[in-house]
Each structure stands twice: as C-alpha cells, then as structure tokens.
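Got some structures for you, see below.
One chain, chain A, links the two complexes that follow: it is found with chain B in the first and with chain C in the second.
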Partner chain A sequence: MIAARAIGDALRAALDEDNRVILLGEDLVDPYGGAFKVTRGLSTDFPGRVRSTPISEGTIAGLSAGLALSGYRPIAEIMFGDFLTLCFDQIVNHIAKYEAMYNGKVTCPVIIRTPSGGGRGYGPTHSQSLEKHFLGVPHLRVVAGSLVHDPGSVLCALLAQDSPALIIEHKLLYPLHLMLPASGRIGDDIAAEHVSPDGLPTVSIRPVPREDCSFTVLAYGYQAELARRVLSRLAVEEEIFGELVVPSQISPLDWEPIHDSVSVTRRLLVIEEGAEGFTWGSEVAAHISSHFFGELRCPVAAAASDPTVIPSSKALEAEMLMTSERVEQAIRKVAT
Partner chain B sequence: MKPVLVPTTDVNSDTGLLLTWHVGDRSQVEAGQIIAEIETSKAIFDVPAPETGFLLHAAREGAEVRLSDPVARLFADADALEAYTEQEQRLRAEAAESGPRATEPARRRAEELGVDLASVGGESLITVGMVEAAAAVATTATIELPDPLSGVTGLPRIALIGAGLGATQVIEILQAAESGTAVAIADDDASRWAAGVMGVPVVGGFERLVTLFGKDAFDAAIIAIGTSVSARARLREALAVNGIPLANAIDPTARVAADVRFGTGNIVCAFCHFGVGTVVGDNNFLSAYNSYDHHNRLGSNIATGPACTTSGVVELGDRVRLGTGIHIEPHVELGDDVQVASGSVIVASVPAGHTVKRRAVTTVVVPQR
Partner chain C sequence: MVADTISAAPVVLGGDVRLVGAPGEPRAERLYRRMRFIRRFEESLLELFERGLLNGTTHACIGQEADAVAILEHLGDDDHVFSNHRCHGHFLARTGDTLGLMAEIMGKPEGVCGGIGGSQHLCAPGFMSNGVQGGIVPNAAGIALAKQLDGGAGVSVVFIGDGTLGEGATYETLNLASLWKLPLVVVLEDNGWAQSTPSSASLAGSIRDRFAAFGIPVFEIDSTDVEEIDAVAERALVQGRTQEGPVAIIIHTYRLCHHSKNDDNRPVDEVAARWDLDPIEIHGRRLDPSARATIDTEVESALRGVIDRALSL
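For the complex of A and B:
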C-alpha cells in the first residue's frame, strides 16, 4: 500500500476509535481531500470532525491547542512544512509548555502532520525540511514518517501519550509503497524492529549479518529510502556492507538501537535533507563521539543539503539537495 | 517502439486516473488521434497518439498510473508489437527463476572456482567469503592429508599453526635450540595442505590438529603467525578450549638475564635480550634483536618486528603490535591493542586501543643517472 493511503487509513482508524479525534487543516475536505490527498474521503465519512480552515497556520496551531486543552485530540495538517514557521510560537511557547508550566494539571496533546522536503520543483518556500528548528524543544516529540514504519501503529503510539508531537512526512514518500519488516526481513534484506518504551519503532536493515557490516547509516524519511536503495545496490555489486538504522522518532532519540549497531560497526554516517550546519547530524555526532570515544574507527560523518535557498528548477535543486548520488558519495567515504 | 506519455505540466500530481481507453488494445491508431483520458488532481487530459502505429496498452481502465511512466507503447507494425510482448514474457520468466541471491563479486568468484551457487545457498545473500569457504570444503574432500612426523626421542613433539614464513623461523629456532621437534603444521588455507615446510608436513586445518592431539600425535603447539595479533589471540583461545598446551621456541642466541619469567607459546628470535626481572606473558612473537631491558612486563598475544628496544620498567599490554626499529623510553606503558608504526620513539604512555603513527617515514628512491 502506498504511504499516502496508509496514513489516510491510520487517520481513519483514529477517527473511528476515538470520538475526541478531530482533523483540521487547509483544504482537507472532499472533494479536494488535502493537497496530497491523504485525507481523501475522511470528511465524507466523519462529517463535522474533518474541517477545512482558513489559510492561517498560526490559527490552525492555536485552535489545535485550544481543542487539546478542552479534551479533544486534534490532528492538524500544515499543507507545507515550510509554513511551520507560522506555528512556531504556538508550538514552542504554548503547546509544548502547558503541561510542565501548569505542573501537569492540564495536557495539550496536539499532533501536527506536515508534508515537507524537496525534489518536486516547488521552489524556495514549498520544498524545505525545517524540522531541525524543532529538534530539542523541551516536551515536544518530532516524528518522521518512513516507508519502514507502519503509520497506524506510530499514530496509535502518539495518541496513547499526552505529549504533543510534530510528524514530518516527506512528500516524495506519499506515492511509494510501504516496506514493513515481516518475519525478520524487508525484501531481500535482514530487518529488525526495536520499539521504544513509548511504542515508537526504530527499524534496522542490513544485507548481511551485523557482524559483517563495516558501518552504520542513520537516516529518516525519504533519505532513509534513498540510503536503503544505495546500500542494497552497493552490497550486491561491490560487497560494501552497511547497516541502515531508521528511527521513527527523531527527537528525542531512542539511542539503544543506534548504540547496538554502532558498537559493532564502529563507523557512523548520519544523513538528512535539511540544510547543513547545526543539524540533527551534528547532535547525533556529538552524542556518539562522546559515548563511543576511543572505540570509533573514524569520526562520525554527517551529510546534509547545501545551506542555501532551494531553486525551483529541478536540475538546480538536484545540485544542492541530498540526492541519491550524494548519499552514495557519503556512504563510499565512510565505507573506506 | 515509442512510449506514449501523458502530456501534462501539472507538477502537483505524480499519478493520474486512467478514465477511458478510446482505442482498443493492439489496434491501429493514426498520429494525433485521441487514445485515452487521464484525470489528475487538476484536470482531465486527452492523450493523443504521438505517431501512427499499433498500440499496446500499459494500464487498465480505472488504474492509477504514474505520469512519468508510459501509459501505452506504439509499434510500427503488428510484428514488432508481438516480438516486444514475447520478449517481455521471456524476461519475466527468467527473473522468476534467477536462482540464489549472490553479490556480483561472489558470482564471479564462484565461476572462477567452479562452485555451484545453489550449493552455497541458504536464505542470506551469498558473499565471496561464503563461496571461498564452500570451495575449500569441496577441495578438502579430495585431498589425502599426510600424517605427522614421529619426532625424536626425548624432545617434545611440536605442532605449528600457520604454514607461512613464520613457520620456517620457528622450525629453525627449534632445531638450533634442540628444545623440541616440529612434527606437523596446521593451516586453515586448504591450498597449503599436503605440502610441507622445511620437511614438516601440512596435515590440514585446525580441526585435524584437534583430532591428532586426541590421538597423541604431538605434545604441544606453537602459533607461528607473526603478522596478526588478533589471529594469535583467537587461535590461542581455540587451543585452550581443546586442552592443547603451548610451548616456547627461544633461539639459543637470546640472552636471558636472572629472574626473567616466561609464560608459554612465546617465539623469541635470534639475539634478543631480556633484562633482569622482566616478565613475559604467553603467546608472543618477538622478532630478532628485540631488547627488553630490566623489569619490563610484556602481556600476551604480542607481535613485534625486528630491532625494538625498550628501556627499564616498560609495560606492553595484550595484543600490542610493534613495527620495526622502535625505541621506548623508561616507565612508558602501552595499553592493550596499541599499534606502533616502524621507526617510532615512544616517550610517553599510550592508552589502550590507540595507534601511534609517525609523521614522516620517508624512503626516497633516486633513479640511476
């Protein structure tokens, strides 16, 4: 099943199981069904509980905060992740703070989903991966959709918590088929799933047993899919064996499955699509270098997109964003 | 063959819905004739035939199609269309029976060694290592392995592990020192089996050695590998598990002072010096002209190159690897697994697991004028 459909089904199940769940965002309602068609059919089947809003992301976030404080479980869609900047105040100063600020007397379990990332030729303000600005915000979970995680169980795990969450969904993943681990495999690869105490999965994928892998790649979202394809090809064509670790929650991180892999391979590459500098990768590098100081065979490597404006031309975009070619370059560098 | 693409500039849609085919599968079309309708999130598009020819549908009515993929293919004549469909069917059938999954280097190696990949099989991806292991097993089945020598009365019978150049050194030391007789050599590289080193037969791999020890064919073993400390450590453990004791091979030209203690399994080459009060662990390979001055402590599974000299009260941890021509100052401690590049002068202690590199090791080769 393609990711867009699976996310839609996850939202449908949430609406079905819990009357407190409300979906809101721009153009969600049928027949349009959302810019990426994730919510197609839901407004018809759950009238009144799937609402299109005016074009004001600040309002969507503020309204969600109010609903959550009043006992609802709002799931908001921000049509493009670029406009998360308009929600930043509501998320950082209000949604993430309420529970701690009022000493646990209230909770504000807002879930915000947003399509993000480039590769579609959408230009400077509809292509960015801005999630790094939300990493490390106290009491906020940042989750990234990937093909190897079931959106249903991730959403279930988030709805079981009282803490707010931001879900990043790379737009290029929507039309791709999910590849969930089954009987210890994903396709031809060996796959293992580690579930955090909060119920959020991290999936590890390797072409050969971990002991035969000479490096670990940590990535999420669409970059994880690019890395999976490159690693799979390098394994078959050149016997370059690396393990890919894909967390569903990217902040705070569940370090256990990452430590498990790096303690064996002792080399790590972190890949993300956001602009390089002060990134997810730098935080991971700092943590891993400190934890494994003296055991690593080379410094932790991090790959990210060029720190500049994303052009509208697909050709120019491919020169500055993390593409398959750049993922392969980064992998070859850490593998040797 | 010409692919038929949906003429759209809609960057919002990756896929569209194939609403209608106006022309049947495998029928003839004219250039510009409308052949299908596709609906994206923005509009319904007519799809014209790019040229005249025979049309092969690539999707059914009602199917969601990727706009980057052709919805149909056009052929100059009906024969070309038939040939294309037959080839597609053949490729699909071949893909379905492509056999076990192996890396490309493994496929090439299997062909070189004449190994059938199906016999390597199993669930996992087949690698070069697995192919070579399978080839080795196949070879061993056909080789008749020699028996060990009977030895010399009164001297311990020694089995060596490793049939490389290290073995020649150990055999020579045992002969010169008259402290034992090499009666057999074991090596896991099957290409060395049944041959001999200086008249000592290579009797097989490690497994054969264990069998022979059970039959009382030798008294103790020496690991004759000087290049890998990890191999020394691994083999020593394997010997211990099987209850096989180690023996020392110490060259008669070595100068061993008073109050020096040796463990077992050590190889000491010519002209080495051990100062008073020095303690040597087990299973070390110490090359010629090594000098360990007084009150040194050496761990186990160490390997050194020639001409390494230490001052007093130096400590070497387990699995330390020294290159050639290294000098170590007094009271220096090298932790476990430390590796030191040739020509280094060590003036301070090095923590476990670290490597000492030299900034400039220069050999300038000047061509003849």
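For the complex of A and C:
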C-alpha cells in the first residue's frame, strides 16, 4: 500500500475509534481531499469532524490547542511544511508549554502533520524541510514518516500519549509503497524493530548480520529510503555492508537502537534533507561523540542539503539538495 | 442598575466570603467588594515587590477592575475564560483563589501552577492565561469550538487589550470564529495605551469596525462604572449564548497604574484626571458609608491573612 493511502487509513481508523478526534486544515474536504489527497473521503464519512479552514495556519494550530485543552484530539494538517513558520508561536509558546507551564493541570495533545521536502520543483517556499527548527523544543515530539514504519501504529502510539507531536511527511514518500518489516526482513535485508516505551518504532535494516557491517547510517523520511536503496545496491554489487537505522521519532531520540548499532559498527553517518548547519546531524554527532568517545573509528559524519534557498529549476535543485548521488557519496566516504 | 434577579451570583467563585461576598449579599455591595478586593490585592502585590519579596514582573489592572467583576457576574461553570498578561483581576473574579494566586506570584509550590507560571500564566478550573499577545485568541476559539461540538450552552470568553489588535492571530480568529459561529466572547479592554505606546501611535481605523467587518455584533461602552458595564455584559452574554456566533464587548477604560512595574511615561496630567473616574470610587459612593467601611475592613483583614499565610509557606 502506498504511504498516502496508509496515512489516510490511519486517520480514518483514528476518527472511527475515538469521536474526540477532529481533523482540521486547508482544503481537506472532499472532493479535493487535501493538497496531497491524504484525507480524501474522510470529510464525506465523518461530516463535521473533518474541516476545511480558512488560510490561517497560526489559527489552525491555535484552534487545535483550544480543542486539545478541552479534551479533544485534534489532528491538524499544515498544507506545506514551509508554512510551519506561521505556527511557530502556537507550537512553542502555547501548545508545547501549556502542560508544563500549568504544572500538569492540563494537557494539550495537538498533533500537526505536514507534507515537507523537495524534489518536486515547487521552489523556495514549498520544498523545505524545516523540522530542525522544532527539534529540541521542550515537551514537543517531532516524528517523521518513513516507508518502514506503519503510519497506523505510529498514530495510535501518539494518540495514546498526552503530549503534542509534529509529524513530518516527505511528499515524495506519498506515492511509494510501504516496506514494513515482516518476519525479521524487509525484502532481502535483515530488519529489526525496536519500540520505545512510548510505542514509537525504530527500524534497523542490514544486508548481513550487524557484526559484519562496517558502519551505521541514521536517517529518516525520504532520505532513509534513498539510503536504503544505495546500501542495498552497495551490498550486492560491492560487498560494502552498512546498517541503516530509521527512527520514527526524531526528537527526542530513542538512543537505544542507535547505540546498539554504533557500539558494533563504530562508524556513523547521519543524513537529513534540511539545510546543513545546526542540524539533527550535529546534535546526534555531539551525543554519539560524547557517548562513544575513544571507541569510534572515525568522527561522526553528517550530510545535509546546502544552506541556501531551494531553486525551482530541477537541475539547480538537484545541485543543492540531498540526492541519491549525494547520499551515495556520503556513504562511500564513511564506509572507507 | 441591573436588578439582583436578572442573573444569579457566579457559581464558580470560591474563596473567602470577606473577599468575594457571602451568598445573598446585595449585588451593589458584592460588585464593590470584589473590585475593592482586586484593587487591594494588586496594591499589596506592588508593595511586596517594593519590599523585594517578589520575583519577576507583574501587570496590575488597577483602574480596570470593573471590567473583570462585571463580566464575571455573567459567567458560570460551563463557561471558560482565557486571559492575558494582565490577568489577576480576571482570575480573582473568576476563582476567588487569593492564596493560590499570591503563592503563585511568590513562586511557591502552593501556587495555582506550583510557582512555574507566575503572574501571567495561570490555570484554574474554567480559567487560563498566557503572556503572549494574540495567541490566546485562537486558543479561546478552540475552546469555543469544543463547546459547540459538545452541544452545551457554555461560551468561551477571551480578554484582550487594545494592544492585541496589532496581532494578526486576532484577525484570523475573528474570521474563523464568525464563519463557524463559535460561542466566543471577545472582551476588549481598551485602556488607550499599549505598554508605553498610545493608541494614536498604534491603531489605525476603528476598533468597532474591526469586529463589524467580520459580522460580529459589538457591545461597546466607554465607562469605568461597574453597573453600566454589568448591564452591557448582561446583554452581550445573552446574545453570546444564542449560538449565533461570537460577540465582542469593547470597554473603553484606563489603566491607573504603570504597565508592569515602575514603567509609566504617560502624561502625569492625563493619569491624574483619570483618577476622577476610579471605578472603586464611582461605585463606592453609591453604598452606605458604613456598609462600605465594613467591606473595606473585611477585605483588608482577609487579605492580610492571605498575605501572611502565603509569606509563611
């Protein structure tokens, strides 16, 4: 099943199971069904609970906060991840603060989903991966959809919590088929799933047993899929073996499965699509360097896109974004 | 004057009867007592600051007490209040929890938010406040949407100031709340000054027309007389409960104190002239002097007890 459909089904199941779940966002309602069609059909089947809003991202987030403070379980869609900037005040100063600021007297479990990332030629304001600006915001979970995680179980895990969450969905993943671990495998690879105490999975994928892998790659979203393809090819064609670790929650991180891999491979590459500098990768590098000081065989490597605007031109975009070629380049560098 | 029979005394109010009034106390006395209580609470706070006993900052509503007291006369258990940085009056009129607020501002664990929230970030049943301008407006609208979805009769009230009219979130919310007919009541206390900036330097156009443009009925009053505001609040809340959408109450008032602490650059003459319209005096003159003196004494002794207890925590 393709990711967009699986996310839609997960939302449908949530609406079905809990009448406190409310979906809000721009152009969600049928027949349009959302800019990426993820919510198609839902407004017809759950009238009044799936709502198209005016173009008011800050208020979509703020309204969701009020609903959550009142016991509802709002799931808001921000049409493009670039527009999260318009929700920043609500997320940082309201949604993520209320529970702690009021000393636990309330909870504000808002879930915000947003299609992000480049590769579609949408240009500087419809292609960004801005999640790094939300990493480390106290009391906020940042979750990223990947093909190796079941959107239904991730959403269930988030709905079982009382804390707010931001879900980043790379738009290039929507038409791709999920590749969930089954019987310890994804395709020809060995796959292991580690589930955090909060129910959020990290999937580790390796072509050979971990002891035979010479490095670890940590990635999420579309970059995880690019890395999986590259690693798979390098294993078959060149007998270069690396383990890919894909967390569903990228902040705060569940370090255990990352430690498990790095403690054996002792080399780590972190890949993300956002602009380089002050990144997810820098944070992971700081943590891993500190934790494994003296044990690593090389410094933690980080790969990210160039720190500039994302051009509309396909050729120019490919020059500055993390592409398959750049992922391969980064992997080859850490592998040797 | 609003007759006693028009609305029952708020059912949500707790606290010392010397501060909030005993059930059955004549309305005129109750209104006075509650304004006096809020005034003396905040004057006491400012004294405690000066004595170095409080940390951080505070925003007193001295001069605006009539707004809180009059509006809260018309709210009950099913309603919710969201307030802003200048929230003590609203909080006290809503909850009567003097010790909880005092301990909170003192940063003690016994405070309503364990000392984490402090002066501007309060939470109690049916009440919340936050210190960022504008952001509480969509939050209050979300609470209104929840009330609409619940199918109950409650309204969500949000207090903002004239300064908040500079924030875009306010207008996004007015649009959506009107479109979705949310039971939202926006109470705008226009005290003429956004911190140190006069309205003339921060507001273009008409305040009323801002709401009118979204099809929101406006109840407007230029007064510091609690009974006049009470009467307007009554009409506005009746309309606000018809489930026909939001209403706005615009109260043109004045802040007799500085914005927070020791930061008042307004013309001295302007402030002095407004003391003639002190809401406590306007309404206090209506009471029998001995009844008024009794209330003053009761408020004083109750507050003294609260402060001593809070200090001893």
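Just so we're on the same page, the second predicted complex is superposed on the first by the 336 of 336 C-alpha atoms of A that agree within 3 Å, B and C clash if a C-alpha of one lies under 4 Å from a C-alpha of the other, contacts with A are read in each partner's own complex, and residues count from 1 in each chain.
Keep in mind that, in the parts below, a residue touches a chain if its C-beta (ideal position, glycine included) is under 8 Å from a C-beta of that chain, and two chains touch if they have at least 3 such contacts.
What you see is a predicted model, and the numbers here were worked out from it, not measured in a lab.
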**Asked** Is this a clash or a fit when chain B and chain C both end up on chain A?
**Response** fit
**Request:** Could you look at A:I22 and tell me whether it touches chain B, chain C, both or neither (first, second, both, neither)?
**Result:** second
**Prompt:** Taking the superposition as given, does A:S64 touch the first partner, chain B, the second, chain C, both, or neither?
**Reply:** second
**Request:** Could you say whether A:P207 touches chain B, chain C, both of them, or neither, answering first, second, both or neither?
**Result:** first
**Request:** Would you sort A:E239 into first (chain B), second (chain C), both or neither based on which partner it touches?
**Result:** first
**chain B versus chain C, judged by how many residues of chain A each one touches** = C
**Message:** Can you report the vertex angle at chain A, computed from the C-alpha centres of the three chains with chain B and chain C as the arms, to the nearest 10 degrees?
**Reply:** 150
**Request:** For A:K105, decide between first (touching chain B), second (touching chain C), both and neither.
**Result:** second
**Request:** Using the touch definition from the top, say if A:Q90 reaches chain B (first), chain C (second), both or neither.
**Result:** second
**Asked** In the superposed arrangement, which partner chain does A:A35 touch: chain B (first), chain C (second), both, or neither?
**Response** first
**Request:** For A:S43, decide between first (touching chain B), second (touching chain C), both and neither.
**Result:** neither
**Request:** Check the superposed model and tell me the shortest C-alpha distance between chain B and chain C, rounded to whole Å.
**Result:** 27
**Item:** chain C-facing residues of chain A, complex
**Value:** 22, 48, 53-54, 56, 58-59, 61-72, 74, 89-90, 93-94, 97-98, 100-103, 105-106
**Request:** Report the residues of chain C in contact with chain A in the complex, numbered from low to high.
**Result:** 80, 113-114, 116-117, 121-124, 128, 130, 132, 135-147, 149-150, 156, 168-169, 172-173, 175-176, 179
**Item:** Touching residues on chain B, where the partner in the complex is chain A
**Value:** 11-12, 14-15, 41, 66, 101, 103-106, 124-125, 127-128, 351, 353-354
**Request:** Report the residues of chain A in contact with chain B in the complex, numbered from low to high.
**Result:** 32, 35, 37, 120-122, 174-175, 188, 190, 207-209, 212, 235-239, 294-295
